[in-house]
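Next, two complexes with chain A in common: one pairs it with chain B, the other with chain C.
Right, the complex of A and B next:
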């Protein structure tokens, strides 16, 4: 029983980080109508800035620089590349983000060489024992960050002009534009938020708690694990991203232990397929309605 | 008259062409060898996941070459290395091999299990004696392959024997073994299973891929099985992850790892404490060994002022020593056939304890059964503290490797 409980804690802890990553996918999808496969490179850039700056400036300033750096890079990608494809084929936009991702990841990997430095956040490698169960402080902090971010995003979407514009744009881009919504500002702000979320996520990913590795190619690979979370929850649902994150985390934990690591690699995708069969827009995604 | 001149010219050109073809044929018998030079190839990973290890081994090779050339060379010739990067990609390795094969006498080393697996038939077809840095006893069936030290299965037998000698495991215990899918992991598991059969141990197996970076749930499961130790035939990053989780979950059991399961880059201020429970088992001495030759090589490496201290440096030097002694044994026949014959007859190669005494004369059998056991220490250059002298257990000596013929 204690093994099952520990696996549940492990899965939920990973799920909290996956939720942060899935939120980044969702926000950009809502703003740009395409999946951003360069999200992993934003995470990597934030991690790189943080580990390079933490020696001289301390972790707090370094983390802020990393988070802002990823946000600014996201806006640059959107303004310089994505904005030019507006109205174009969404598949071309997806391919564009893949291309950007490859270039950035290779450059960061070249700069890192064989090193994989950790971000030295205060919650790393700190544990709390509750009877037979071990809880990582990092998991609790990630969960708190996730809840706070959800609350902030909810407030932004509900109670600000930008949120209203964002929702209108996600509903119907052309109609929103005709109603006076400035697409460029809304979209750029969404990319900025997604970049910031990527910068926050790396503060949990590149610690000894999560996968044993510091900032490296492996960090980038972990981000892609969060992609099914966004699909399961519904690509346009922020609440769905959080639920999807936990589903991915728990599915991985249970299937790795009770079946095998081989099965665990496909288990998340089997869950995703099952969800899509029952609810093609994901658990909380908006159902697509077409008039005929 | 005009026709006759043309005919003469054509005959002359034809004769010269045939003569030059004959010359090429003659050279091919001594590929890579001239009156002044012996060329040896190196196919290694200078841009992929084993960059750190590869650079260190190559540096050790180069130090040996510099030293041996400065003292007159081998068989009166300078040794020259021709190096190509395969980035741990088997296809790139095959292309690089094809480029170098016609230029070199043999291969000083080819690093990587997938690359050596892809080149297995080429070694046979081209008769290229190769130091294969794959350390799997499965590959010893190829008579042109030299594994300079012991193999993963024997490493694991010795590692578990060491833990038993230290009283850290006992008959009847359960041992977790996390191992990579493929030749490396399967060979390590073979050793663990052999040892378990000899000592009434139960092995709890967890098969993973190199991309499985988060092994928290595997360790959680092993804790549920009350394991007394964890064996690792994995990547360094995976070893680190398991060591950290081992500590975080309060499991705190000893971890024994094959030689590629550790790399100095996993040893950081954040992880040093978690890695204190890890025992690394390898044929080669740690970088800072008490062995005098290892200290000499470390001094030469530091004099270069370039590169990160790593156990691969003395190991690379030892590989050079092996090649030097094989070539010296066949100075009058510097052909591929001659090198193969020298290798088959070498039953006691001495690298001044950088690696245990090596016997390549028993087909299919690991060249030695002895290992060094070391534990990570962040304050030690190279990251490993040697634990005692060369170690060989009774189980390792009596173990019959899968391709062993005698």
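Right, the complex of A and C next:
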């Protein structure tokens, strides 16, 4: 039982991080109609800036720089490239972001060489004992931090003018524009937020507690595990992204313990396939209606 | 010209072209699926692994003292078997491939890459595992090997070694693949795929079974991928499971480079896929050969953090994807059509 509790807490911790990434996918999808395959490169860039700056400036400043860097990069990608293909079909946008991703990842990997430096967060490599349960401090911090950010984001969607504008735009782009919603600003802001979320996520992803690897190509492919989170929940549902994130985190934790370490990565994808067979638009996604 | 090339070109350069042909076959299948049926797939490397593994297991002789599976069929039958097995694997994915469309499918097929990684390392009696791999059974017809130098042969004073022979084998496979694909595009299946791509609802109203058309396109592209997998194994002379999901012959990087071929060539264009493969698969190997003789290349590839041929290629095709999507959604095929339209008559 104590193993199970331990797994649940650790799984929820990584689930919160995946939820942040999945929320980024959903926010961008609602704003631009594109699945951002360049999300992994945003994470990688934020991680790279952080590990390069942490020696001289300390981790706090470095982390802020990394998070802002990812946000700015996301806005640049949107303004310079994605906005040019507005009205283009979603597949073209996916391909575009794949192209961007290839270039950025290759450049960061070239700069890193064979090194994979950790983000040196103060809570790394520490455990907390609660009764019989031993949990990693990093996972607790990730869980609390993730939940706070998710709460703030949902408050943003619910109570601010930008949140209202974004929901209106996702509902019907032209109608929202006629009501005075500035599409360009709303979309750019959405990419900014998604980039910032990616930047925050790497502060947990590239620590020894999470997957045991520093900033490297492996970090980039960890982000691919957040894809199933967004798909399980439904690409256009923010609630779904959070739930999907936790499903992915818990599935990973349980299957790592009860089946095998290698199987854990596949298990997440198998869950996604099972969900897709039953509900092709995810658990909470809007079903596409075809009009002839 | 292609027939006489081995008489003039050295072995190392033949290998470059042969590798591009491997990419071409896989990309033809993918361009049918993505360009004509509108389904995006990142799962191609998985079916390549399935095809390569099936060929190795079917064609290898069972050896005492080794736990590798070997059935010992003639290689020609083994190739056909490999294509059938990978098509069936594609068909088995039908519950997902038939129902799920576009972007959702792209992410769903990502799961196949992870599945391939897991299965490849788990079932070492088929794949040989990630550490050592297993040797590729040579391809022989009536005792004449097309992938090794046995028996010896000299044509017009040029010794025909393994690479020269493999050139002709690959050429036959690629040309066969091209003509089958062109046939499919022009006839009934191609028309039903395009109808589903353009509007699933109206396709259904016209009597096309949408789920079946999508599943068929997926199975066909899986079959092409399987053949490409066999060629990959023959080219390396080795079948080996990947160590991780982000680099290797069956990895996400391979999936993305195949997608890059299809986009750069022009979605849906069979000849574009061949050209794109020459660029994306051929360039890194060609650059590697050029490095020692071109001083500029030698200086920038040196040391850690250097611009290695694979880095240069990734930069080139990554930015080409972006440029193609923004400026010329038809890819190389559309550029080619425009040039022939201008000078053609």
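Going forward, the second predicted complex is superposed on the first by the 274 of 292 C-alpha atoms of A that agree within 3 Å, B and C clash if a C-alpha of one lies under 4 Å from a C-alpha of the other, contacts with A are read in each partner's own complex, and residues count from 1 in each chain.
Note that in this section a residue touches a chain if its C-beta (ideal position, glycine included) is under 8 Å from a C-beta of that chain, and two chains touch if they have at least 3 such contacts.
For clarity, every value in this text was computed on a predicted model and none was experimentally measured.
Contacts of A:262 after superposition: both chain B and chain C are touched.
In the superposition on chain A, A:114 makes contact with both chain B and chain C. By the touch criterion defined above, A:94 reaches chain C but does not reach chain B. Once chain A of one complex is fitted onto chain A of the other, the partner contacts of A:137 are absent, as it touches neither chain B nor chain C.
Comparing chain C and chain B on the residues of chain A they touch gives the larger count to C.
When the two structures are aligned on the shared chain, A:253 is found in touch with chain B, with no touch to chain C. Looking at the shared chain after the overlay, A:218 reaches both chain B and chain C. By the document's definition of touching, of the two partners only chain C reaches A:280; chain B does not. Residue contacts after overlaying the shared chain place A:79 against neither chain B nor chain C.
Judged by the document's definition of touching, chain A residues 113-114, 218, 221, 262, 265 lie at the interface with chain B and also at the interface with chain C. Listed in rising order, the residues of chain A touching chain B in the complex are 2-3, 6-7, 10-11, 14, 113-118, 120, 124-125, 127, 129, 134, 136, 208-214, 218, 221-222, 252-253, 256-257, 260-262, 265. Residues of chain B touching chain A in their complex: 51-52, 206-209, 211-218, 220-221, 223-224, 237-238, 240-242, 244-245, 248-250, 265-266, 268, 270-271, 274. Across the interface of their complex, chain C is touched by residues 35, 81, 84-85, 88, 90-96, 98-103, 106-107, 110-111, 113-114, 217-218, 220-221, 224, 227-228, 230-231, 235, 262-263, 265-266, 269-270, 272-273, 276-277, 280-282, 290-292 of chain A. Those residues of chain C that touch chain A in the complex are listed here as 34, 38, 40, 95-96, 99-104, 106-108, 110-111, 114-115, 117-118, 121-122, 199-202, 205, 244-247, 252, 256, 259-260, 263, 304-308, 311, 314-315, 317-322, 325-326, 329.
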